[in-house]
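Each of the next two complexes has chain A plus one more chain, namely chain B in the first and chain C in the second.
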Partner chain A sequence: MSALSVSGLSVRFGTHEVLRDVALDVAPSERVVLFGPSGVGKTVMLRAIAGLEPNARGRVLLQGRDVSDAAPEARHIGVAFQNFALYPHMSARENIASPLRAQKRDAAEIARRVDAVAELLRIGHVLDHAPRALSNGQKQRTALARALVGEPRLILFDDPLRNVDAKLRYEMRIELPRLLAARETASVYVTQDFREAMAMGERVAVLLDGTIVQCAPAAEVYDNPATIAVARLFGDPPMNLIPARGVAAGGGCRVNVAGLAFGFAAASPAEPVFGVRPEAVTLHDVGSPGRVPARVLAVTPMNERQIVLLRLADGTELVASEAAAPAATELHVGIAPGAGTLFDAASGLAVATSPVAEEVSA
Partner chain B sequence: MPVHDRSLRLLRGAALTLIVLFFMFPIFWIAVMSLQTNSQILSLPPKLVFSPTLSNYIALITGRLSTSVGQLNIAFMHNLFNSFLLSSCSVVLALILGVPAAYAFARFKFRLGEDMAFTLLSLKFAPPLLVLLPLSLEFQQIGLDNTYAGLIWIYQLITLPLILWIVRGYFEDVSPDIENAYRVDGHSWFRGFVKIAIPLAGPGIAAAGLLSFIFAWNNFIFALVLASGSKQPVTVGALAFVTASGIQYGQIAAAVVLSIIPTFAIALYAQRWLVEGLSLGAVKG
Partner chain C sequence: MSLVLENVDKIYGEGSRHPVHAVRTMNLDIADGEIIALLGSSGCGKTSTLRMVAGFETVSHGTINLAGRRIDTLPPARRGVAMAFEGYALYPPLTIAENIGFALRGERRDKAAVEQEVREVADLLEIGPILGRKPNGLSGGQQQRASLARALIRRADLHLLDEPMGQLEPQLRAVLRGRVKARIKERGYTAVLVTHDQGEANAMADRIAVMEAGVLQQFGSPADLRERPANLFVGTFFGEPPMNTLPGRATAQGFEALDEAGAVALRIPAPLPPGIEPGRDVVLGLRPHRLHLGTGAFQGEVVSNQWLGDQAHVAIEAAGRMLIGIHPERFGARLGSTVPFGFDPADLHVFDKASGIALAHGAVS
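Right, the complex of A and B next:
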């Protein structure tokens, strides 16, 4: 039985339809990331799951229990808000104890469980402080402790690491999945940072234009984005998207991209676009079949990698991600075997993956 | 630039002194007057050195006013009690009605909501005389004329709009996420209202309550028309000092001092609530 099953979820504010017939399934103790650009409705979807969105229509099932019409207090889920949403007039201890107080646990049990979760999140020493006396990181951990302490089967995270510093963000990216796995808690995690999505999610659901356009393991979203829009959003630097020419060949098609040729096992769309990740672009000193000459326009370091902007002979610009900056400015470019996705520019959808490099014919 | 700083500080000090003098002098002078006899007050030039007398206060507290033509009974202490009863009951009623209403206006968008809120505010613009004549006739008919209940009801015209609009602003400043978080924790909506919304708007509720208490206390015209004799507050009761044998300045001054004390004491007490910024550091935007 799914920890969470959303179907037919629509949210409309006046004439503006934010979510349109969205469906999402989260297995028990699975971590799903809801990824999308800002303003796309990720938070709205989370609020709808929590029962905080009065404009939501559709079905929400928690462990098979239909809670579509249930009030937020009757859903028994944990929520970590982006702005922490701590109760300013209560100590950190009382903040964390709130879900247990609602469950009418006795004082000894509350004290024991608050201490345990505070210990886990390393905020035991600040439990008696008011929220305003806590650092951002401690506020964050207090909010997480509050979401965890009631041991809900599902926790919703609304971009909880947006407001904390980079160091803490990296710590939490490692810590949170471990914590959730240990407690066998399912989670939906909202973020607009693809690195966070890769780190936090077993599956990534990409929300675009009011609907989930792709829901797949993070690596698959990265390697094989379902649409051109996903390819543009997911990844930094984003996927190279190069207009191509296609002709029918055998059972599939043959696509010419800036002097290179690839065979795909699908019919060619009218306006083919060839997509390739910067990591799959290879640089060589010597030319050979399957490589084209290129010129280095700029090199930018980024997280241990060198981002190389190249211009091919026909004017196409291409981004490569390399371990080291290339020595020469004139070199030859190839594509790693099997890398590349064929998109249809008209529909925006991916048509085929795993191309076979072919000899360029005149 | 220390020289610049010092001259600036001196200027600021001078300006503050001037302002304090301007506002405090009348109060100081009233206090001085309340310790003088009528003839001392009316002497020219006014004397700053005099032997103070408590006769004015004694007259007020015992309720016996001696004038040149004889003894006069006044009910000043009873007026003071009326003022206290009317103002505090009005504020309590306005808080009971106004705080939930302010919350509704702050949190929910509903049809005609803004119009309703504005209509309530407009009660503060309307000249009281506009409603007083029909009101006094109606009150006579339904038997609310010259009753505490009737006056407290009419005082809502003063206190309710004030509380509604001030407290609404404070509720709007409380992030809805804080209340949402409390509900997600498993608490009912009403519990969240009592345990989260009201404490966080506390300073605002205290300020609004205090202000409307002062406004109710200072009201003159409603009580003048709708109350007589035993139900009059101090503002109307002070008219008794305008007697056939002249105006009793000393007693008026003493009455003013006595009637300032309750509001002054409440303001001092409420001050710590007013300055307490409870909401600080709760939400990271």
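Right, the complex of A and C next:
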């Protein structure tokens, strides 16, 4: 039985429809990331699941139990927000204990469970401190401990690492999935950082224009984005998206992209766009079939990768991600075998993947 | 043109009971045509430094020379500096095109030529469609790009860019960074950019000046900062994900990494580099990209294995310590399994435990 099952969820503020007939299923102990740019309604969706959104219409089931009309506290969902939201007048211990107090647990059990979760999050030594005496990292851990302590079957995370420094963010990216797996807690995790989405989520649900446009394992969203918009948001640098020309060929189509040609096993859309990840753009020092000349405009390193901005003869700009900076300014580029996605610019949808490179005819 | 800061101090409230020493004895020598980044977290002194070069702050001690000419005594307008600053706003009554072309108009250039140049730099920064609009009502990101365009259109001895692309949407970032860098290089501009974002510094700069607590920690190429960090601060601050660090000790046989209880967790046989005597307390540093997974002399438990689309980030627990390794391909190990790992002693950084100063890069003599 699903830990969470949302169906027909709509949220309207006046005439503005934020969410439109949204469905989402989360399996027991599954981690699902809700991904999308800011203002797209991710937080609204979390609030609706938690029972905090009066304008929500639709059904919310927890372990098969319909809680659509239940009050927030009757849903027993753990919630961790972006801005910690600790009670300032309470110690860290009292903050963490607050959900158990609300459930009227006895003092010995509360102490035992708070100590256990604090140990797990390595904040045992600051339990008696007030929030103002905690570092940002400790505040965030305290807020997470409070969300975990009641051992809810489901926890909602509203971009909890948005305001913490890069080091802590990275630590939590490693730790949090472990913690949730160990406690067999299902979660919905909101973020607009695709790396965090890939690290945290077993599946990623991409929310755009009021609906979930793709919900799939993280690597699947990365490799095969369902739409141009997803391709633009998921990846850094994002996928190259190049307007192309297509003609019918065989049972499918042949697409010409800045001097390169690819065969796809699908009919060509009226306005084809060829998408290719920067990692799949290959650099060569000599020309050969399937490669075209290009000029290196600039190299902008990213960590250990070299991000190379290229300009092709027809003016097309192409971004490549390489292990080493190219030695020459003038070189040839190709596309790794099988890489590339064909999109339809009109509908925005991905039409086909796995192209076969073809000889360019004059 | 070349920019030289010599023994520059910035002390706010000098002579008062609580002076704030924002910048301490700063020395920088920037070559003609170089792009450098002042990198650090907020309050590190990078913005005070930039403001002194621009002339918005007085220099408490020391001198600043641009193209061989002392400028710290000149008013801002006479320093020959083009700027894109957060507080250096666009003129609200003028359109974006008029704002960008303002300085060129002042040079009594031909109107059509100015328009042509404005169009070109606007296209470069993808703000062509808003050239006719006024600044109010534009998004922060658009205003930022307009301000950057206004600086990039000018030929000046020095370009000062304060967080120039901080608000760029990620979709545009790679392309615009490349175009801006190409433009600066093509025209031979000398540029100083200030940023708290090491990604931006790494992408744009030939050399990076890392600042912390008003003190220049290191001034070097991105490769220098990665391969030869001057101290533990630079080692762990620069590089994503951060450097793995292990407290340890030098012995006659090499190095020992210690677990949290102080017991020996890993033994790393290596001849001691010169200047490190047995018994010395050290911190050992290893970049995640230099940790080899699936091969090596050590064993650890895989506690996390995350595929990020183009690389795998793997966390390994060995003797109570967690180490991060980056694998260029998917790493096929299940959580909880034990895998071999290792590293080349030449990739190990050794820092003095007490001072944090780097003692050796590469634990080989």
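Simple rule for what comes next: the second predicted complex is superposed on the first by the 362 of 362 C-alpha atoms of A that agree within 3 Å, B and C clash if a C-alpha of one lies under 4 Å from a C-alpha of the other, contacts with A are read in each partner's own complex, and residues count from 1 in each chain.
We adopt the following convention: contacts are C-beta pairs under 8 Å (C-beta built on N, C-alpha and C of every residue); 3 or more make two chains touch, one makes a residue touch a chain.
If you're wondering where the values come from, they're calculated on a predicted model, not measured in any experiment.
Visitor: Which term applies to chain B and chain C once both are placed on chain A by superposition, clash or fit?
Guide: Superposition result for chain B and chain C: fit.
Visitor: Which partner chains sit in contact with A:D314 here, chain B, chain C, both or neither? Use first/second/both/neither.
Guide: It touches nothing on chain B or chain C.
Visitor: Report for A:E359: first if it touches chain B alone, second if chain C alone, otherwise both or neither.
Guide: Neither partner.
Visitor: Regarding the shared-chain residue A:I174, is it in contact with chain B (first), chain C (second), both, or neither?
Guide: second
Visitor: Between chain B (first) and chain C (second), which does A:D236 come into contact with in this model arrangement: first, second, both, or neither?
Guide: In the superposition, A:D236 contacts chain C only.
Visitor: One more residue to check, A:D69. First (chain B), second (chain C), both or neither?
Guide: A:D69 contacts neither chain B nor chain C.
Visitor: Once the structures are superposed on A, label A:N163 by its partner contacts, choosing first (chain B), second (chain C), both or neither.
Guide: first
Visitor: Could you tell me if A:D106 is touching chain B, chain C, both of them or neither one (first, second, both, neither)?
Guide: neither
Visitor: With chain A as the corner point, what is the angle to chain B and chain C based on their C-alpha centres after superposing, as a multiple of 10 degrees?
Guide: Roughly 80 degrees separate the directions to chain B and chain C.
Visitor: Minimum C-alpha distance between chain B and chain C after superposition, to be given in whole Å.
Guide: Result, nearest C-alpha distance in the overlay: 5 Å.
Visitor: Mind sorting out which residues of chain A both chain B and chain C touch, each in its own complex?
Guide: none
Visitor: Quick one: which bits of chain B touch chain A in the complex? Just the residue numbers, please.
Guide: Residues 175, 177-178, 180-189, 196, 199-200, 278-285.
Visitor: In the complex, go through chain C and note every residue touching chain A.
Guide: Going through chain C, the ones touching chain A are 170-171, 173-175, 177-179, 181-182, 185, 199, 202-204, 222, 236, 239-242, 289, 303-304, 306-310, 313, 315, 322, 324, 326, 328, 335.
Visitor: Which of the residues in chain A end up touching chain C in this complex?
Guide: Answer in residue numbers: 166-167, 170, 173-174, 177-178, 181, 194-195, 198-199, 218-219, 222-223, 232-233, 235-238, 277-279, 297-305, 307-309, 317, 319, 321, 323.
Visitor: In the complex formed with chain B, which residues of chain A make contact?
Guide: Residues 47, 50, 52, 71-73, 75-79, 81, 83-89, 98-99, 101-103, 130-134, 136, 139, 146, 150, 163 of chain A touch chain B in their complex.
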